[in-house]
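Structure, as structure tokens:
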Amino acid sequence: MELTGLFFYLVSILIAGGIYALLCLALNIQWGMGGLFNAGIAGFFAVGAYTSAILTTEMSTKHLGGFGMPVVVGLIGAGVLAGLMGWAVARICVRLKSDYLAMASIGIAEIMRLVIVNESWATNGSLGLAGIPRPFGEFVSGRSADLVFLAYVWAVVLIVYLVAMRLYDSPWGRSLRAIRDNEVSADAAGKNIEKFRVQTFVIGCAFMGVAGGLSAHYFRFLSPSATDPLLVTFLTWVMLMAGGSGNNRGAIVGGLGIWTLWSVTEIFVNRLPPEWVTRSSYIRMLLVGLLLQFVLQKFRAGIIPEKSPPIRFRE
Amino acid sequence: MIDFINFYLFPGLAIGSVYALGAVGISMIFGILRFAHFAHGDLMTVGTYGVLAAAGIIAINPLLLVPFGMALAIVVALLVDKVFYQPLRTLPTIYTVISSFGVALIFRSLVQMFWGSQNQVFNSGGVRPPLVLFDTFRISVLHVQAVLATACIAVALHFFLSRTRTGRSMRAVSDDPELAEVSGLDTEKVVRWTWIIGAALAAIAGLFVAMDTSAHPNLGWNLLMPMFAAAILGGIGKPMGAMAGGYIIGLAEELSSYHWIGNEALISPSYKTAVAFVVMIALLIVRPQGLFKGRLL
Amino acid sequence: MSPLLSIRGLTAGYGGPPIIEDVSFDVAANEIAVILGPNGAGKSTVLKTIFALTKVLSGAIDFEGTDIASRKTSALVTLGMSAVPQSRNVFRNLTVDENLDVGTYAAPPADKAATREKILELFPDLRAKLKQPAGELSGGQRQMVAIGRAMMCEPKLILLDEPTAGLSPAYLERIFDLLLDIRKTGVTILMVEQNARQALQIADHGHVLVNGGNFASGTGKELLADEDVRRSFLGGTPE
């Protein structure tokens, strides 16, 4: 096979890794810059996935739409809807201690899951949505389509990275970090804390929606199980923490790195004695859980720690 | 009307008892350690499986085996606090929240590793007939036991918190940790007792749910949202408020699917979980300190 | 006779630059000593450092001849010290009686009921409020609960951080009268005060702190008469 097989295995890791890198960048805007705890990443991811899928699939009797629109429109729609949902949550919780935002975001993710499973007129319930197009799907097919999609995903990652860098380095980003590091003094300086925090949360959620959209286009099929709330939310947190919260490059490295680790461990645990293979996914979960504890205690700065950008003076 | 009482009111009270027992722990941990404990639901699961393991060896009514589940939950909670939460105590509490989120996952994967992910039914000696009162009210014996047990626990807990030295110290630390330190109170002992009580009650609550339906690894996680809602409803740091909150959420969930208007359920039963969330959000907007004037953290 | 509390070259802070530097003074047994100074002089930090709530960077704190600079707060309570912080000085959701009771946990007195009775005689106002949550009381009554709580462990030394902050002039006098009563029971008091003139009138010794260091020390009368001190901190001319 074996080289082509290995090559496309690598491609699949890079695609999924890119989608996770996107989630990490989004979470980094919320947590790394704004200090906001989002425990419902999967919810925003799912909203984005379903929005983009419904917007881009062909007309169907099984679910809402489809509207047959281009993938770009689908992704923008995904961002807008996820952002709106984030706005609603943030408006209510942002003024309270971050624990409340965590509870509310996990609640909204849970409700999104219920809606997706129960409202089959829109989502086709647990049967899921099929025939979701890939970008440029009319030009390429087969395995080379994966390569095109790989480029597409990383182009989006690059765009979001540039946006995040701009945000980070802007006066807006600096105020945000001031708020995160020292709420009192930023308040005294007259910054409008609540408004800034809501904005951070909304931007982060919108990018999570885009990531969800991309995953729907990647798999071409979408069912409620594809957005397993725990796995998506949890992996993203571990990735950002390990990569370096507050650092956009760290977010990408963490996303890609942990995803690679996660995928490669799958190969290893599959070689365990048969009575353990069925339990392999639990062992991996356990290890990720322990990894998070390790990072939190001993490695909080991450692989690429946060560096405050130098303050530039206008000439 | 009879249907309403048999199929909505009593089940509401029963699930309310479960939420009450879970929310007390969450509220006390939030009040004393100052973080939202995301692993509390899964701590319940651990306790439940502790009873399940004991039931596999000793063939008596699982309710009598609850001390095994309580012991397992307590040991696990104290261990997790020591190994995972305590090292983070000097940092902003949000790090402990993140950690507890990870601990939830660790608990669940351990349960799945040891016991598998399938549903497991407690073998309690066949189906027991419901209690029949006045020929009309048919109540599950288990539901009655849950409500009675919760009532006894509430009384005992109230006595413990208001009369004993440890209980008063716990309330003092919850009230003002800095002043508690100035007063020379043993904060670590208070923290230990918080985990002991929280974990023990979580195990009891988990057992009732598992015996009513079945035990599965997601048992506790699915109850987390309504328990958070109940704790906020009751006011953080108000254990009795959290208990009342548990019953309010339990009743709200069950009664929301009653056909109040016409023949249709007011809210589809599949959205039961959402009821707790909506109550919580509404409360955070209108009265974030809870119904009973708890602290706003 | 050696002093009850002796502070020598004390430097302390919260991790950044030290807040107080090279502070030295003594407190004799059974006296009222007051620490004075402008805002930000580090007065409260001195109390917090004595009570192990701030990190000692260098210097010595001797209590009854033992060095206590590295002891924990709870150990200090056992040795016979207690403290009343400035704001948030009562457990608001606990009743007055429970607040007093909590005061005994770290170092139980020989006869709890007798101690409680003694304190209620000092603060008769509290007797009618025993079952009320302390958070419902007025500022002055809370201060009494706080001092009462600190006295329940029968301490030799009480540290008070601005006991009259935010109180009306009438209450201020009552609290100062109470402090004199407390001293009569054999307790030593070290306090920080903003109302310098009144405080010096009841104090045996005063210690003026400026910019985190010693500025002047003396008896209450001496400081009240001191030209420098008067000009800088007391304002105006003596009555």
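Chains: A, B and C, in written order; residue numbering restarts at 1 for each.
As a convention for this text, a residue touches a chain if its C-beta (ideal position, glycine included) is under 8 Å from a C-beta of that chain, and two chains touch if they have at least 3 such contacts.
Bear in mind that the values here come from a model prediction, so they are computed numbers and not experimental data.
The chains that touch both chain B and chain C are none; no such chain exists.
With centres defined by CA atoms alone, the chain at the far end from chain A is C. When every chain is represented by the mean of its C-alpha atoms, the one lying closest to the mean of all protein C-alpha atoms is B. No other pair of chains has as many C-beta pairs in contact as A-B. Chain B and chain C have Cα centroids separated by 43 Å.
Distance from the chain A centre to the chain C centre is 55 Å, each centre being the mean of its Cα atoms. Centroids of chain A and chain B (each the mean of its C-alpha atoms) stand 31 Å apart.
Counting partner chains per residue, chain B shows two or more touched chains at no residue at all.
Of all residues in chain C, only 51, 53, 73-74, 76-78, 82-85, 88-94, 98, 101-103, 105-107, 149, 153 touch chain B in the complex they form. Interface residues of chain A facing chain B in the complex, by the touch rule stated above, are 35, 37, 39, 92-93, 96-100, 102-104, 106-108, 110-111, 114, 117-118, 230, 234, 237-238, 241, 279, 282-283, 285-286, 288-290, 292-293, 296-297, 300. Partner chain C is touched in their complex by these residues of chain B: 162, 165, 168-169, 171-172, 174-176, 178-186, 237. Of all residues in chain B, only 30, 35-36, 38, 83-84, 87-88, 93-95, 97-99, 101-103, 105-106, 108-110, 112-113, 117, 224-225, 228, 232, 268, 270-271, 273-274, 276-277, 280-281, 284-285, 288, 296-297 touch chain A in the complex they form.
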